[in-house]
Amino acid sequence: MGAHTETFSIRTHGKGTLEITRETAAIVARSGIRNGTVTVFVRHTSASLVIMENADPSARRDLELFFEKLVPENTPWFIHTQEGPDDMPSHIRMALTRTSEVIPVMNGRMTLGTWQGIFLFEHRRPPHHREIAVSVVGE
Amino acid sequence: MGAHTETFSIRTHGKGTLEITRETAAIVARSGIRNGTVTVFVRHTSASLVIMENADPSARRDLELFFEKLVPENTPWFIHTQEGPDDMPSHIRMALTRTSEVIPVMNGRMTLGTWQGIFLFEHRRPPHHREIAVSVVGE
Amino acid sequence: MGAHTETFSIRTHGKGTLEITRETAAIVARSGIRNGTVTVFVRHTSASLVIMENADPSARRDLELFFEKLVPENTPWFIHTQEGPDDMPSHIRMALTRTSEVIPVMNGRMTLGTWQGIFLFEHRRPPHHREIAVSVVGE
């Protein structure tokens, strides 16, 4: 039984989803843990996680546009706008998706389905360095 | 200390919520783990999880209808519609709810509150076989 | 390797967000676990969790107001309204945020980012006692 923790960072290119499945799988492999869970955690409040279809990019385009419309920039009653029109929408879109995602590990591999990828969801307009903490526990 | 992993599948009847608390509790019992966590994970991107009131079904009816209205079928700007009008709404409704849910285990039982049940949330119109991966870790 | 579980309760003051980072950190410290994860779980279906900016309270004010508008009280087609106009909106706002949150633990500390706090999100109008279950697993 054991636990293995690592962090990694990724550079985003402004708003959009970036796949981090490979980075996560590499940490699971390095952990040597065969059965248990892997936890992925974004250390920010203006970026989030989502497990999404990894085959057809059109699904992610529609997802991203949906959030643009559900939580619009320049909503007139937002008061938390010091960092610009994408400031408050970023926090709300983060709260509507996920900060942590936990995936069971069986026989040394994540139990992701065929079409599932793990994506970092950047909500800010400028590129950012984002830190991801990963913890594998099990035996 | 240990880890216990299992998968099970469930047949859905089209859109709606289906309780999987009993199946999850049975896996916790089989694990023999007394203290730790149980992780429930849906291996699909058009179905999700939600922990919801398990007493009055009207709460789930309102929840389901809310998502029908928040992410409508036939949204004119969706481009990811190869599998029909319920294709893209399924992915977005999944992203707005949860792919994984983690419940502490104490004294061999999940710490669900009195009114909490674990539900699979099917977002597609046709019935589907859905696979759930469960991992219990602890001691 | 081990697991440490505790529950604590908090009194809310009606709708709004209440920080529980300190209570969670204290449990991580008491657990003696250096590397692994901490799971925070709300044992209710009308309150939820969100990891949110902990510096400027205006971000939480905008978040709370957004949910008031996204899931309005007195929505005419809600049928689950026995406990009042805040009954069904509470369940939906809970489903749109999180019941569980999992944070990696490294070197005995949670890997929260600089601006991240863990908040209980009370969705009911009256004050409530809310129970939180916490499980730390790792070694």
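Order of writing sets the labels: A, B and C. Residues in every chain begin at 1.
Here is the rule we go by: a residue touches a chain if its C-beta (ideal position, glycine included) is under 8 Å from a C-beta of that chain, and two chains touch if they have at least 3 such contacts.
Quick caveat, the model's predicted, so the values are computed rather than measured.
Because contacts link each chain to all the remaining chains, their graph is best described as complete. Superposing the C-alpha atoms of chain A onto chain B requires a rotation of 120 degrees, rounded to the nearest 5.
Taking each chain's centre as the mean of its C-alpha atoms, chain A lies 19 Å from chain C.
Taken residue by residue, chain C touches two or more other chains at 1, 37, 70, 96, 98, 102, 137, whereas all remaining positions touch fewer. Across the complex, chain A meets chain B through its residues 1, 35-37, 50-53, 56, 58-59, 61-63, 65-66, 70, 96-98, 101-106, 111-113, 115-116, 137-139.
Chain B meets chain A in the complex at residues 1-5, 7, 37, 39, 41, 43-45, 70-71, 77-80, 82, 88, 91-92, 95-96, 98-100, 102, 131, 133-135, 137.
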